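The two complexes that follow have subunit A in common; it is paired with subunit B in the first and with subunit C in the second.
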Partner chain A sequence: MIHDFTYLRPGNVKEALAMLAQHRDGAKIICGGQSLLIIMRQGLVVTEYLVDIKGLDELNCLIYDSRAGLKIGATTTHRTIEKSRLVKEKYPVLVAMEEKLASIQVRNWGTIGGNLAHADAAGDPAPVLIALNATVTIASSAGGRSVPLEEFYPGLFETVLSPDELVTEVLVPPPPAHTATVYQKFNLLESDQGIVAVAVSLSVSDAGICQDARIVLGNAAPIPIRAKNTEKLLIGNKLNEEIFTKAGETAGEEADPVADIHASEDYRRHLIAVLTRRMTKEAWEQACQV
Partner chain B sequence: MTANKYSVLNTRVHNVDGYAKVTGRATYTFDVKLPGMLYGKILRSPHPHARIISIDPTEALKLPGVRAVVTGKDTLGVKQGIWRRYPELCDEQILTIEKVRYIGEPVAAVAAITEEIAEQALDLIDVQYEVLPFVDDPMEAIKKEAPMIHEGVERNVNVTRHIEWGDVEEAFEEAEYVREDWFKLGGQAHMCMETRATVASYTSDKKLTVYTSTQSPYYHQALLAGVLGLRESDIRVIAHYVGGGFGGKFELDASQFCASVLSMKLSKPVKIVFTREEDFIATKRRTPMYYYVRTGVKKDGTFCARETRVFTNGGAYTGMGATALYLTGFFHSFPYKWKAYRYDGYRVYTNSLPSSSMRGFGAPQAMFCSEQQIDWIAADLGLDIIEIRRKNAHTTGYEVPGQATIGSCGLNQCLDRIEQWIKAKGTLPKNRAIGISAAGFMTGGIFNWFDSPYSFSSAVVTINYDGVVELHVGAQDIGQGSNTTLAMICAEALGVKLENIKVHSGDTDHCPADLGAWGSRQTLMAGNATKMAAEDAKKQLLEFASAKFGYNIIYDLDIKDNWVHNVARPERGMNYVDLVKEALRGKDGQRIIGRGHYTPHRKGMISPAYSYMVQAVEAEIDVETGKLSIINCTTAHDCGQPINTLGLIGQLEGAASMAAGYGYLENMPVEDGKVMNPNLVDYKIIRAPDMPECEIIEIDTYEPEGPYGAKEAGEGLTNPTAAALGNAIFHATGLQMKQAPIMSEMIVNAFKEKKKEGGTR
Partner chain C sequence: MEKQLLRFLVNDQEYELFINPKTLLVEALRDHLGFAGAKRGCDTASCGVCTVMVNGMAVKGCSVLAVQVNGMNITTVEGLEKDGKLDPVQAAFLDEGAFQCGFCTSGMIMSARAFLNETPAPKDTMEIRRGIEGNLCRCTGYNSIVRAIDAVAKGKYREGA
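This part shows the complex of A and B:
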């Protein structure tokens, strides 16, 4: 049962930040509520104030600039991203990821800012956005800052946000040339959370060498993690089956998964190895063509 | 397709209550709100096994808004159960007094002015427990040194069941090939859209009205009377709309009992609605089982003998588990002619949530073991999977020795059609295969362990002045569409249009007693009662018509599509409504009332009729990750005469979805007596995007015992799917999966195991 709270509805971002500054730990931010309401119902979160930012139009945007890249406002819904032709053209991996994020009903309500701030290691957007080298813009009544998404999560269900701060946008840099980013999660039900997930972004030089690699593992550790040893294996090489297989094995080793009712630790490592091999190969083949 | 000889039957009809449901006007128990109503919550045991030292509600009662706290000591302490003829199997008090036997068992209930206050009050009830050693696995619980869960029940053996025919030893001697396997079957949650819910309202005239989510209003009326010390007829159970049952809602549940006890204490209405978590941890579930199967066959595939031993995880109480124990053993022989068969079943108490009936009633477990083993035998002997089944298949008129006589059986046609379907599919891509499973199922149970003094089904047809027919049935619509089915049968029998029929069900004050919606019984049993009642009313109308028309008495009169006519000269006649108006006048203004009932007689021990089916599941296996995808699920199905062809498809597809879930998804792990995934995030059930293509091939048969030849269609199809999926895996990969549900990790491990074995050989 959800405990009683006071509902606050700011008229603009400034007001929202003032409310957060005033109530600090006593307040929680709600937008689509797709993550928060579940844990409130389970009694895991009890809050005195709920600050609803749903109506803040300033935060609801999708803007692309060829130099700055893609700016996604925090209250943009998953469904909006999924259905955006702009995103489809520039970052098809984001659309593919969104299409498999929960159900249409959840995507109609859930927002990108809320998803990232919820800090669930099994969340879909974070691994993809980290692979795309995204940053998060954060505001507070005292000012603002920008944090690479990769550094946004200090630990399980934790973010670097202080109680008076609000995620306002996500910035995705323009995709470098000859780069492909792909994502796959393993689940038993279509659109379910991943038992594990792997995002791979590869850049190929004109000489056909892997120039850059960003491999991110989801639900393979308390937080989304970069598989840096695996990346090192790839960078500077012309990739082939042998390397893909080795990459998979390495990713399986450097993951730090837990056992739960859905999978043992061994099985998770195995799945990470399979998925990393498959995704590395897919990204490589795509990158060689673009 | 041949022309439909019926006016109403065998057509696609939308549910008679469809408008009320899709417009949100249907009132479920959850929607019931009475003046002065209080809200109840239940305090549950955190221990799998413990003695209750004391329960102190003092602090809870001090909380403003709390009206009452009740414990087992405020009740009559009756040990109740649905097997009323067998007092030793009536073992559940619901509000337990001395001991708790599973995590989630109710120990106290609170009524307060809001649900929130009631929930807060739970934390203030001080319960002192003496924690006892516990056991949650039947193979451990049956050991001598295991903790005793019910006093005096040695080795925790709750029920044993034995089925035997033929000379088993001799038949094994004759066999040219014998194989034995162990299997392990998991539980499954019923997962009704509507969780258990009750509003109980006791008034000072000693009458109790209970709105509840039930599969059988009559059972709950009778069970509540027993535990509350009231007369059955002073209890009115109302269930106009029920959001699913699947076998989980015909035993007494804690919402019904606790709301009634609180209401009687306070003389105020009390509402208790289970949370999803409560529905998971503290109701009952599909019975987990260990299965040992030894089978002997001739080299040509003729079945000789089978010997089966089953140990079921009964959980803390009996519930419907004794029936599940019998039926799993019975259906494990299905649908084949065994020369000799022996089954020994042991239901073992454990300290976990009780297991009971669930759609399929023990048969899905039985088929998972039997039908996979048949394919493995066929592979070992180089036999065709269809041929081996055809050779041994039930046929019309077959007698299952000492158990049942098969009145109609379309199994061979099912096998033919599935064989054709598989051939038409041609070669499949790598890692994809088709697995099949045959199955059969009962059409209602004959057993009367409930000891009902009433007919199994009854119906009353009342015809009003304007031709509208009031059909009163005790049968319960729980979403499966029985009101529609019965309305169709009534309209067909009476010869009127469907829109003339109004169905009244779900109210014990106004509807005749009926055992309710379980065991696939209503189409046949309530259908026969309805048909009889409609024919009774029709006879009265035709008597009047005959006198009025004045034809030679050699002519037959009939009513069809609202036209009362001479069968030999159908153009001669009159409108049904006009006839009714006149007929009523001739009866001194009385409405025309027809009565009907049905109780099975001389139909063996199990059921008056059996459905048959063969299902083909086409599945793809990702051999690296173990992920299964069901591509197609096609069933050749013999349900006798279909009544509502649209409703039939809904039932069959719904069964396939639930059965596929049992096959590869709905894992329900229990650790230290605790259900580990009591929520819809962690408990996986098939959702719309995961639903495979389903195809139904209807096999035409006629069941002499059924109304218009109809038999069951709602439940049997839960039986074959997990087995067929296992067979698809076997044919695609060679893996023999002996545990259900077949989780992807098990497949990966089985591959590893196989590799290891291959390496050492």
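This part shows the complex of A and C:
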């Protein structure tokens, strides 16, 4: 049963920010509501005011610029990203990730900004976007700031957002040369959330050496985490089967998973090791070809 | 709590409701307007029996606030029949016996319709299965449903076919 609330529909971002500044902790933001409405119905979220930003078309955009990269407005739906030719060409991993996010119905209504702000450790977009080195743009009536997505989550279901702040866009830098990013989650039904997930981005130098690595583990800790020990193993090396296997083992060790109904802690570590091995290999092979 | 005015089109007919803003789309359709085709199932955006189209897109009516579709165009399963003639998807479901208990049927048909609108010529049955990924059926094992959608895609129900 959803508790009663007062519904507010701002006409633009400025109005939305003024409402948040006025009601602060008393207000929650709804966009697609594909996660929020479920927890409101479960009584886990009770709010006095609900600020509905779903209709803010000024935040519904996908813009690519070869210097700035891709700007995704917060109210852009998952389906818009999934169907975008631009995204498919520049960041195919985002399309592959979206195609397996929940169901078509959820992707039709749910938005990228809402998904990131919901801060579910099992969410699909965050690990991929962190691997792509994305930042989120945050606005408030007092001004704005930009935060690397990697630093956006202080803890489980928490973000660095103040009550008067709103995520307005996600910025993904232009894809660096000779770089490939891949993502895979492990689940029993294709459209479920991942029991664990691994995103890997690798850059290869002209000399065939791994120049940069960003490995992000999803649902392997209270928040999406970088597997930094694993990355160190890769950088500066020419990668081979032995290193892929070692990378998997290291990622399994540096993860901090919990046991739940879906998997034990040990099983999660095992899955992370397997996926990290496969994804580093796949990213390496792709990066060597582009 | 302040009630909100909601004006929208349901199956090409204009409606105006004055409702509690916490009302879900599926509640507005079923409880306020009597379109009982959209069912309430899991209530957690998992099962898909509440699927309706909003501006042509399949969405889960249990996970959308009714006030969010203000000014929009809703299609429920009741709106598919035109001039006493079933939609091809409905006809195909009958011909293929694509249901047993029938509880998933209206949501399944709405997802199938939205899928075929977007993808009139799916390349294989796997693509059809992906098109109904958001809808659960616990009776049929899906094969008869996929056959029905495939028959429509292959033109079996086209005028003059």
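The working rule: the second predicted complex is superposed on the first by the 290 of 290 C-alpha atoms of A that agree within 3 Å, B and C clash if a C-alpha of one lies under 4 Å from a C-alpha of the other, contacts with A are read in each partner's own complex, and residues count from 1 in each chain.
Here is the rule we use: contacts are C-beta pairs under 8 Å (C-beta built on N, C-alpha and C of every residue); 3 or more make two chains touch, one makes a residue touch a chain.
Remember, it's a predicted structure, so these values are computed and weren't measured experimentally.
Counted by residues of subunit A touched, the larger count belongs to C, out of subunit B and subunit C.
When both complexes are overlaid on chain A, the residue A:Ala68 reaches neither subunit B nor subunit C. When the shared chain is aligned, subunit B comes close enough to touch A:Ser264, but subunit C does not. Judged by the touch definition given at the top, the superposed model places A:Leu44 against neither subunit B nor subunit C. Of the two partner chains placed around the shared chain by superposition, subunit B is the only one that A:Val274 touches, whereas subunit C remains out of contact. Of the two partner chains, neither subunit B nor subunit C is touched by A:Ala142.
Contacts of A:Ile30 after superposition on the shared chain: subunit C is touched, whereas subunit B is not. In the superposition on chain A, A:Thr6 makes contact with subunit C only, not with subunit B. After overlaying the two complexes on the shared chain, residue contacts for A:Glu190 are found with subunit B and with subunit C alike. Looking at the shared chain after the overlay, A:Val106 reaches subunit C, while subunit B stays out of its contact range. The residues of subunit A shared by its contacts with subunit B and with subunit C are 4, 38, 103, 190-191. Residues 1-2, 4, 20-22, 24, 43-45, 48, 51, 54, 57-60, 62-65, 67-68, 111, 114-115, 131, 133-135 of subunit C are the ones touching subunit A in the complex. Those residues of subunit B whose C-beta lies close enough to touch subunit A in the complex are 115-116, 119, 624-625, 627, 664-665, 667, 669, 676-677, 681-682, 684, 686-687, 689-690, 743-745, 748. For subunit A in complex with subunit C, the residues that touch the partner chain are 2-7, 9, 30, 33-34, 37-38, 41, 50, 52, 54-55, 79, 102-106, 108-109, 190-191.
Subunit A meets subunit B in the complex at residues 1, 4, 38, 103, 186, 188-193, 261-264, 267, 270-271, 274-275.
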